[in-house]
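Each of the two complexes below includes subunit A, the first together with subunit B, the second together with subunit C.
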Partner chain A sequence: MNKSSIIEIRDISIGFTGRSGHTLPVLRNINLTVKRGETVGLVGESGSGKSTLALAAMGYLKRGLRILEGTCHFKDQNMFTLGRTELEKIRGGKLGLVPQNSGQSLTPTLRIGQQLTEALRLHSKLKSEQYHRRVLELLTQVRLPDPETVVVRFPHELSGGQQQRVAIAMALAGEPDALLLDEPTTGLDVTTQAHILELLRDLAADTGMAMLYVSHDLGAIAQVCDRVMVMYAGEVVLEGTTRQVLKAPSHPYARGLLASIPKLSDPHLPSALKGRPPAPGGAGNGCAFVERCGIASEICRSTRPSLASGPGNALVRCHHANLSNRLSMTPDGKKVCNADPNAEPAIYLDNLSIRYSKQSLINRLCGKKDISPATVDNISITLTKGETLGLVGESGSGKSTILKTVAGLLPPANGSIVFGDGENLPREVEQRCPNHLRRIQLVFQNPDDSLNPRHTIAEILEQPLKLYFSLTGQALLERSTELLELVRLGAHYLDRLPSQLSGGEKQRVAIARAFAAEPDLILCDEVTSALDVSVQAAVLNLLNELKQKQGTTYVFVSHDLAVVRALSDRVAVLYQGRLCEIGPAADVYSTPSHPYTEVLLNAVLEPDPDIRPKLTTDDVVELAPPTQGCPFQRRCPRKLGKICDTENPPWQQKENGHSICCHIAIEQLESMQFEEINIEPASA
Partner chain B sequence: MLQILFRRLFLGFVTVVVVSMIIFAGVEILPGDACTAFLEREAKGLILESCREDLGLNRPAVERYFDWAWNALQGDLGISANGKDSIASLVGARLGNSLLLAVCALSIGVPLAIILGIVTGLWRDKPIDLLISTSVIFAMTIPEFVSSTVLILVFSAWLGWLPGIVLTSASAPISEFFPEIILPVVVLSMVMTAHILRMVRSSVIEVMGSDYIQMATLKGVPYWRMVFLHALPNALLPAINIIALTIAWLLGGVVVVEVVFNYPGLGRMMIDSISDRDLPVVQALALIVATVYVFVNLSADMLTMIANPRLRTLYTRK
Partner chain C sequence: MTVSATAIPQNSTLDHFSSILRDVLSRPSGAVGLFLVVFHIILALISPYIAPYDFKEMNSTMMLADPGINHWLGTDHLGRDVFSRTIQGGREAMLVTGIATPVAVIWGGMVGIFFGLVGGRLDEVMMRLVDAFLSLPWILKMLLLIVTFGTSILVLVPTLAFIYGIPVIRIARAATQDVVARDFVSAARARGNSRATIMRRELLPNVLDSLMVEGAMRWSWMLLAFSSLSFLGFGVSPPTPDWGLMISDARGFMSFAPWGVLGPVIALSSLIIGINLTADALAKSLGIDRAQKATV
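Right after this comes the complex of A and B.
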């Protein structure tokens, strides 16, 4: 065994017993070594077995799984032969874990201080009176402001980024030699994500820890990893340095994966991988990727390729690694631009403001006015027919709130919503007539929650058809089939239940249901966020295609700036429920930008190790907008001074309807941002 | 926090008032009144009139309701239809007895249910879980009067270990209820243990499968420390409410068990007064049971709020 390797996994296979009684493998013959001071990335889509592998490195298997063959060593200890007490000593001590979704991984009934102290009690040699000081040190080390307050908080009182930092601090408490990170930044805002990754990179450099970084996000992997392993259907298909894997991948799957990621620098739509990965045990004798591969041949069907040295010395599991450069790895989907500035308007949002807080009875009786600033304020946007408007901003910026209000689920405190033909839309959904309801449709983030699990696909699609068009019998069936074909699913899906569909297919059904109503406007709330990248690309392409065919108007909400860019004609940037910038996608995504847009764009992670995010502001979470002045005043890196705190910034118009709400003159913004772009390479 | 408590107290009070109206209206709608019950069926004409005059029953219903409610609020529940006994003192003794039965059943049933619930939850699908879970389903599905009868048959008639029926009078001191109270307590604990246990079991299973328990394991927390520190405080929260429901059920008079064992508690008093058409007593008992339900549930909600940091901090921190 190599002296310098901290984690060494040899030829491991893990599986479970399926319903048929056969053993189904979820991991097949995997070798993984992480050396001291090294960060290895584990990439793959959901179901590829990457988390199972990371947990196996801790000697932990989820319920039902078992080791079929192979060993897992941490230093020189075989993790699966250790007793309970020995495992307890290693786990959280010399081998730490930063879990996915820290919000749910911190015990809700224990204070942050108690949970960190527990880690110290278990894994450090400190005396109990030293715990408090060390806890504060750890919280400071992960760059949490005001550690004294954090200590007495409960997990739910912290923001997602803060919870993640606490989880990292907890892993650091045992002064680990190796850290396993299971999707540590998934679900966080872009700016927070970039900050956490920077923290991890610095920690790795300072402490010389070995890190195993599991993620589906190639952008995050590109930032922190030295080496990357790409997993597909429980196998490693490509292994090499980050540069080899991300810049010139020699496996068709890795190339497809890269092509399916929307990129900020590329306005094209991402291209989807066709098909879906085989279920555990379903890979057959040949290559697991054969059904989805563009260069597969006879040998790929009959013989399973081995992991062998390929182009550029990367290890690749492919019979045709030398041919893989024929496959594109850049997005090349064509974006349809229907937006005709002279088209008729579809809907006006006129000076909308929305409040969540209801005034208390006593205040209302005393006639006191609620003076706290509204959650969403001053939103005036006109959408033209066939246009796609992207709404971007961090969590809490009011994106989804605006959608809810347009859909009538949350009545506005002020302002009105008017259809293009002049018809005023009642504030609350109860007051809207069926025709109003028909004209606005919603597609939600998670199709698991938005499709009734006990209704067949036919029943789901028939509901709007019966309700709005009173279709019956044959007409109903024909129209449902037509809708399924519209979203590229066949008629044979009609009698299936949502649980029998994959995530992407479910989202297609949800989209078909929205189109069933023949609406004027479709509101898409993070519709691709719960999907794998390759599936996300397919859904984006579908939405794009439908827009071309049907001339639909979309409002597309997402926290992912690249996704928004790929689909939208126009983009509006929101901060604390206020518009900062709005304009054609190409203009918003290039200089000059509102300082907030600039912060967001700088923080985006591209799947390219040569593009580093620039962090220009703290990732503080503001709970409420300031009472006066610019909403971004507290975090703005380009803040002018007092004027930003006291006066509302003016809207400055540029060409093409691009406008920015800022005190800094547009020309000045442009020259500031231009300078920085040009200085950057020289200093780096 | 205090504000919430006062609001809930106020709402609880309103609920009781509304319930009292419904009870009063319900009793009004029934044919007959205290006088027809008191004077037997033959009473007609003048005697009935003068009786009603005496008791004030010829006044409008609304007026009588306020009279009744106002007195009830001050602890005066009126007099029983036999015209002699104050209901408050009648109920007082019975309430004490019901309380005794409830306390005994709870002090056995609740700890037993929680411990067994934890055991079955932690050793899910193991032989011990299957054994306990199956017997619990039996205890749940067998009606109380059957299990009571079987217990009386076995322990009283055959073995002769315990008295099968309570002969102590309602106002006797507590000590005289032993050992007569044992069999009813056993029956009641069986039924309530089953409900609470199943709740605790599923809650333990859910929590043990949660992300934070996996995290605690992977943080190297020893198993039992993890169970007691990380899992149970979360798993037992939902049990508070079902325990409260059980308490309310026990205090509200467990009619069947009290009748089978001839136990002088609220439940049997309810049955007796219904068959005697003693409407003032029925009215008073219904009001008491409703009040108990409302306030036991309110205390459970407040307790949950104190025990659950998510709810607690909602009101203590801004």
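Right after this comes the complex of A and C.
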């Protein structure tokens, strides 16, 4: 065994016994070595077995799984022959884990200091009087500002990014030789994500820890990893340096995956991989990817390829690795542009403001006015027929709140919503007539949550059809089938329950339900964020196609700037419930832009090791908008001074209806940003 | 090796229940429990036709006789056959509680789902009233109502259904609150469905599991309550055989003629154990952890 390797997994296969009594493999013949000072990325979509492999490296198997063959060593110890107490010593000590959702893995009733002290007591040789100093050291190491105050905080008093930092500090408490990171930045805002990744990269360089980074996000992988393993259906299909894997991947799956990621620099729609991965044990004798591969031949069906050295010395599991460069790896979907500035308006949002807080009874009795700033304020947007408006912003920026208000689920405090034909929309859903309701449809983020698990697909689709069109019998059935075909599912789905569908299929049903109402406006609330990238690409393509066929107007909300760019004609940027910038997609995504848009764009992670995010502001999370002045005043890297704190910035118009809400003159913004772009590469 | 396509259910609700039934039967507790319950129900239905003696036939020469060929469980203090009375002793109890349980679950469930959906101040006030009601001992409430209105079956059924529907409100409301926060309820609201439609179509199917388990539990509680009332003399009037009443009558002779108590005790406890085992297995099959629920 190699001395410098910290984690060494040899030819491991893990499986479970299926209902039929056969053994179904979840992982097949995987070799993985992580050396000291090295960061290895494990990429794959959900169900590819990446988490199972990472947990196996800790000597842990989920219930029902068992080792079929192979070994798993941490330093010199075989993890699966160790006893319970020995494992407990290693786990969390020399082998640390940073879980995906740290908010849930921290004990809610213990202060941060207590939790870190516990980790120190279990996994360090320090004396108890040294604990406090070490806790502060750890918190400083993960760059939490003001560690003294963090120590006495409870987990819920910290933001998601701060919680993640605490989890990293906890893993560092035992001075680990290796760190397992299971999707550590998933679910965080772009700017926070970029900060955490920078921290991890620096930690790896400073401490010489071995790191195993599990993620579905190629953008994150590109930032921190030295080597990458791409997993598909429980196998490693491609292994090489980050550059080899992301710049010139020689496996068709990796190329397809890259093509399905929307890119900031590329306004094309991502192209989706056809089909779905095989179920455990369903890969057959041939290549697991054969059904979805563009260059598969006879040999791919009959013989399973081995992991062999391919082009550029990367390890590839493909018979035709040399041909794989025929497959495109850049998004090439054509975005349909229905937007016509002269088209009739579909809906006006006029000076909307929304409040969550309710005034206390005493204040109301005294007749005091609520002076706290509204959660969402001063939103005036006109949507023309057939256009797609993208709404971007970090979590808490009020994107979903605005959608809920338009749908009537959350009455606005002020302002009005008016249809293009001049019909005023009542504030609350209960006051709206069926025709109003029909014209606006909402598609939710998570289809698991928006489809009633007890209804069949037929029952789900018939609800709007019965309610708005009073369809029954044969007509109902025909229309349901038609809708399913519209979203490229068949009539045979009608009898199924949502639990029998994959995530992408469920979201298609949710989209079909929205289209069932024949609406004028569809509100899409993060509709792809719960989906895998290849499925996301398929859903984006579907929405794009429907836009062309039905001429629907969309409001598309997402935290992912690249996804918004791929689908939207116009983009509005929100910060703390206030509009910062609005304009045609191409203009918003290029200079000049609002300082906040600039921060967001700089922080986006591209699946390219050569493009590093630029961090121009810290990742503080603001809980409430400031009472006066510019909403972005506290984080703005280009803040002018007092004027930003006291006066509301003016809207400055540019051509094409592109406008920016900032005190800095547009020409000045443009020259500032232009300079930086041109200076940066020279200094790098 | 190929993966077979998942079976497509033709009727989701029916399929749901038949698969639950299969799962319940596959568990030892479920199989034993369900056997006991079904056995008791069948016995209650056919016992008048198979009982060897008339339950009110007295025999002054055979008072408190030991078990034997003629009287399998002996006779009571009036010379009546204990076996005949035992197998018929659950008829009244099962009839009353068998009607009162569904009534309790339906009204309690409807009210609970409604409060869960509406929420806000009304829900807050009503739930405090429910809490206040539950804090009184059940026997007190029950006796109060029975003393006021009498002990006929027409009073017992609504009384039991009312008293045991109150805790169902709590369970149904708690289950509803889990569901109400989910997006499909928002979707139904945004679509313009009425409150009644949302309750019936979106909420009820998701709360039904909890209600079924709750119903089974309420049934066993009600049986105990009914027997207790009979034991105290407020339930069934003699000479109709009833387990509670029989235990009450025979307990004075327990030292030398334990048969009189043993028969009804075994009958009553086996039915209640059967119901509890079934409810446990049902809860496990449905993935509801009853240990976490408040005991009321």
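Basically, the second predicted complex is superposed on the first by the 684 of 684 C-alpha atoms of A that agree within 3 Å, B and C clash if a C-alpha of one lies under 4 Å from a C-alpha of the other, contacts with A are read in each partner's own complex, and residues count from 1 in each chain.
In this text, a residue touches a chain if its C-beta (ideal position, glycine included) is under 8 Å from a C-beta of that chain, and two chains touch if they have at least 3 such contacts.
No experiment lies behind these values; they were computed from the predicted model shown.
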**OP:** Kindly say whether there is room for both subunit B and subunit C on subunit A in the superposition, answering fit or clash.
**Re:** clash
Original post:
What is the contact status of A:His492 with respect to subunit B (first) and subunit C (second): first, second, both, or neither?
Top reply: second
Subject >> Which of subunit B and subunit C A:Pro108 touches, first, second, both or neither >> reply: first
**OP:** Considering only the touch criterion stated at the top, classify A:Ile90 as touching first (subunit B), second (subunit C), both, or neither.
**Re:** first
**OP:** Return first, second, both or neither, reflecting whether A:Ala279 touches subunit B, subunit C, both chains, or no partner chain.
**Re:** second
Original post:
Regarding the shared-chain residue A:Gly208, is it in contact with subunit B (first), subunit C (second), both, or neither?
Top reply: neither
**OP:** Would you sort A:Asn446 into first (subunit B), second (subunit C), both or neither based on which partner it touches?
**Re:** second
Subject >> Residues on subunit C engaged by subunit A in the complex (per definition of touch) >> reply: 1-3, 6, 8-10, 12, 16, 182-184, 186-193, 201-202, 205-206
Subject >> Interfacial residue positions of subunit A with respect to subunit C in the complex >> reply: 22, 278-279, 281-282, 284, 404, 407-409, 429, 432, 434, 437-438, 440-442, 444-446, 449-456, 459, 463-464, 467, 492, 495-497, 500, 513, 517
Original post:
For the complex, which residues does subunit B have touching subunit A?
Top reply: 209-212, 214-223, 229-230, 233-234, 308-310, 313, 317
Original post:
Given the complex with subunit B, which residues does subunit A contribute to the contact?
Top reply: 55, 58, 60, 63, 84-85, 87-93, 97, 99, 101, 104-110, 118-119, 122-123, 154, 156-157, 167, 170, 174
